[in-house]
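In what comes next, subunit A is part of two complexes: it sits with subunit B in the first one and with subunit C in the second one.
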Partner chain A sequence: MTETISQTNENDTSIFSCLHCKLSPISKATGSATFTLNDSLCTCLINGPGELRQQQDAINRLQVDITFQARPGNNNTNSTSTKDKLIEQWLETLVRSTVLMEYYPRSQINIVMYEEQNLSGEATILACLCNTLCLTMLDANLPMKYAFAAVPIVQHPTKGLLSLPKTKDELASTSYFVFVFEITLNDILATHASGDFDMKILEQAISIAQPIARQIFQFYRQELEKRLT
Partner chain B sequence: MSIDNYEELQKFIDLNEHYRTYLDEHNNTRPDGRKFHENRSIQILKKFLQHSYGSSMIRFGNTTVICSITGQLAKPSLKSLRSGFIQTVVLLPRTQAWSTYGRRQQIINENLTLSQHLLDIIYKSKLINLEDLCIEEGKWVWCLQIDFQCLNNDGNLFDSCLLALNVALHHTYFPTVKIDPDTQKPLVYTKELKHFQYNQQQEPLCCTIAVYEYEQEYKYLIDPTLEEENIAKCILHYVLLKNDQICLIHKTSGAPFSIDKFHQCYSFAREYILELRRNLNQ
Partner chain C sequence: MKELICSTIERNVVLKCIRDHKRLDLRTIDETRSINIEFHAHPGYVSVTLGQTHVIAQASCRITKPKESRASEGHIRIHLDMSKIPLINLENWKHQEFVQELNGILEQNIRHSNCLDLESLCINSGELVWSIKIDLIVLNNCGNILDCANIATLCSLYHFRLPEVSVHGSEIRVYSSTERRARPLRILHFPINVLFAFFIDGHYTLIDPNSDEERLMDGFFSISMNQHKEICGIHMGGKLGLKKEQVELCKKLAFKKVLELTDRIRQVVTDYYKTIEPITHAQPSIIRIDNDEDEDDDSSSSSESEDPVLIKPEIPPSPIENNVSLLLMPDLDNLSLTDDVSTMIATNVDKLTSDLENDDEHDNE
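Presenting the complex of A and B:
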């Protein structure tokens, strides 16, 4: 454990200065976490396996209910926009595939995610939400198949591919990629990539994102260790 | 849904089991007779709605989608005085029988995400330039309403909606609008129609691949039906432009992928979309 930290000593401070986390800020919930990625901040809370409402139809597995609330006041209306619904549905597939659903038949978990601050574009907020979700599930001690981490990468017109981009760079970029990696095989669980690119650029982006995902998993480990000591 | 014979009963109880037994008996064919990489028959109908500026109807097998494009005059926002508005709405009227396939709320959510995907594709691929919708700067712009009615949902709505959009835009005619210099009100000449200017070079078309796990390896089902979408481990959407550049890759979670699997799916998507383009240009 100490060997891996000393190897990446030069990059250590640069990655870890972009990430901050606080576990269990909301004490009444089963699990909660606040996570910061560059200029985006998200909070997520989980209310653990509880009773199923009558109309739901989860007979032999867990029913997952995700709500995502974007920062009120950004768009003119108060209701959830279609963009938020897209994010909600994507995150729901993520939860369904990680949590061991067969362990809790006829129960339901409620996940509520709040976006508290987002100065940059879509890539950072998506990645921030994924990471917050994973930390919250770890905090709530839900049985998961693997932990996951999301890495945002943007394609800047002059600087090329940038990972964990700063706000200025992200707002000037043309395409963005968000990859969700899992901890065991470094395979990609989910992607959302939008813009104008080809497979070579995608390959390059994946190869840049893999070591950063490893460092994000290190960060998770550090945070959980802090909590248990 | 009638449960007459043993096969229907098995489908009703456990769809996954039904698929597995079918694949055990006949390898390389799906229950509706296609191979894994085959798409369903496509039927295209253009310009059949009387009151909209552009319309099209697409059938992918049983999936039927109607796209209708209309426009309304609006005042531009103060942030950008030259740009118009585009709004995409996907509707699923009650012609669906969804007693077994999930609650109405789930289906509504699916449609909202589809509307957002389509809007993202229009913006990212620069298919319609917002400045083209300007009539007079600061005074009047077009607000483009693109409505998709899904008359029958048998899976793969994304592909059909995007194809319908491309076909409808190709044959959209807008009435000319002139501003009356005395009263500053817009005069709409409905008989003088001109072809809508949009970026015809980009033709974003989508390929939906459902990943199904069978005997420890992944089978890629292209153009999935509704049942296949329900049993799939994960669903991939590849949207390609005319020059084979990728506009959008959206992969839901469920089956971990390595880089070469992305390459494999890209080659499938490219062949499939080449077919679609041939159909489109006929």
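Presenting the complex of A and C:
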């Protein structure tokens, strides 16, 4: 099975055309951000740190409460589906590893994530959610060990491994990876993968994703600088 | 999460300004905040901001059995979700009461005013009709959620596209957006809601209160009108007693706002669809399918549930359909009919009481 590995020959300008963000769209929240990655759009807001509810017991650390609201209307009831709960748990692990939890004992933060638009499959929306989450935490000035960025990689049957895929390519793909890198050492914080692949393809995907992550961190920096000037 | 308590100093400052007929954000008494309406690729999805108050709406459709008494009418339901914003009035039960009050007002304005032609939602009289549901989510509460949610509902309804259906005897076929272009809903009129806040025993009034003003108001008076000067709904909330002249004045003020907004909503949606006309594959509308087993499968006619109905909900058009992803909805060969029994009973009762109310209003006109 021969596969061509597409080089990431995108120059800096082209990746920034896929990314857009707006900081603090929701005035009453502690921090909020809207992030667009290709055709996926997400909004996230953070409230906190605030009072802990009676039942919860977080003596020496911060309690994190994440809610993911997919686009309403798919369920007949209004409860979160199991797939959305999986996403919530995955994001919670990210937050736990990033935020300095010992700084806020007996407090909780509430994070609410909304998926506003999703034209492609899972990879882009998951990456979009992670990036929105990071930007929101940066907007809320939450003390973090590092910033993180997620990169979606898909395996197209003819074009090979593509990073930041366009909608058409993603829908035609068989398997995908989402890698979350952190800014200090460019190590992997979290991954999610689905489909049929082997270790070689996984390693190739990681090597493609790392430079893209650096560009996304540049994008974060630009956005935050815009805000402070 | 709770909102911050309003301090006495804030309260005194705001009330003093109102006594001087001034507002802290420099608006006049009858000026609303700027409204921003944004659509995205999914039909029926709209994001409306009224100043800083932000509400998103999503319309979705489902095929169900109609009510026994109204065999050729579809249904419409509105659900307002304020669970993600900080608690209003600091207590959970007060917050829930407020949500239910607003939900009731929205239902009264949209459903009982017949702004949507329910007979146009009929597929097969007595057997299958479309049931539209609007889910509203409040992202940011900076006062006057009601007006914002109302505009969002109307925009969402006007923006939504219903899939084409063809009936062949006892089986129906639902076309995806790539096969036949989905058609818009038939909206007969736009009932626009205007909220008036009253202060200091009802002596002073404001249109479109922001969050500080809303926390301090005695009560509110919401009036829903369309551009033909027909009143679609009136509601008084809080501790308020009004004179007849005040109500008449509110009506006049409301009518001016209604005219501007109706044109605006129409314009915004038609502009959006003009810009995406060149794109051949529009996004499909959300169609909810029931996956769970029906206990009353015997009651529903067997011929309809066994015939394969072609529905492809939420799967965007793609030439190669080998998505093995878990998050996308699976193809379904059968359309299971549900009996919306509990909601049907509830809505029957509501309709009766509100019919009486509507009659009273028309008499007073």
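Everything below uses one rule, namely that the second predicted complex is superposed on the first by the 214 of 229 C-alpha atoms of A that agree within 3 Å, B and C clash if a C-alpha of one lies under 4 Å from a C-alpha of the other, contacts with A are read in each partner's own complex, and residues count from 1 in each chain.
Methods note: a contact is a pair of C-beta atoms (placed from the backbone, for glycine too) under 8 Å apart; a residue touches a chain by one contact, two chains touch by 3 or more.
As the structure is a computational prediction, the values presented were derived from the model and not from experiment.
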Determine, for the superposed model, which of the two partners subunit B and subunit C contacts more residues of subunit A. C
Taking the superposition as given, does A:59 touch the first partner, subunit B, the second, subunit C, both, or neither? neither
Considering only touches as defined above, state whether A:93 meets subunit B (first), subunit C (second), both or neither. first
With the two complexes superposed on chain A, say which partner A:83 touches: subunit B (first), subunit C (second), both, or neither. both
Could you tell me if A:67 is touching subunit B, subunit C, both of them or neither one (first, second, both, neither)? second
With both complexes superposed on chain A, which partner does A:43 reach: first (subunit B), second (subunit C), both or neither? second
A:228 in the overlay: touching subunit B, subunit C, both, or neither? Say first, second, both or neither. neither
For A:116, using the defined touch cut-off, is the partner it touches subunit B, subunit C, both, or neither? Pick first, second, both or neither. second
In the overlaid three-chain picture, which partner chain does A:195 touch, first (subunit B) or second (subunit C), both, or neither? both
Return the residues of subunit A at which the contacts from subunit B and from subunit C coincide. 83, 175, 194-195
Residues of subunit A touching subunit C in the complex: 25-29, 39, 41, 43, 45, 47-48, 50-51, 67, 69, 71-76, 78, 83, 110, 112, 114, 116-117, 119-122, 125, 157, 167-168, 171-172, 174-176, 194-195
The residues of subunit C that touch subunit A in their complex are 1-2, 40-42, 44-45, 47, 52, 54, 56, 58-60, 62, 79, 81, 84-86, 133, 135, 137, 139-142, 211, 283, 286, 288, 290, 314, 316, 318-320, 322-329
Subunit A residues within the subunit B interface of the complex: 55, 57, 82-83, 85-86, 88-90, 93-94, 96-98, 175, 180, 182, 185, 187-199, 202-203, 206
For the complex, give me every residue of subunit B touching subunit A. 103, 109-110, 112-113, 115-117, 119-120, 124-125, 233-234, 241, 244-254, 256-259, 262-263, 266
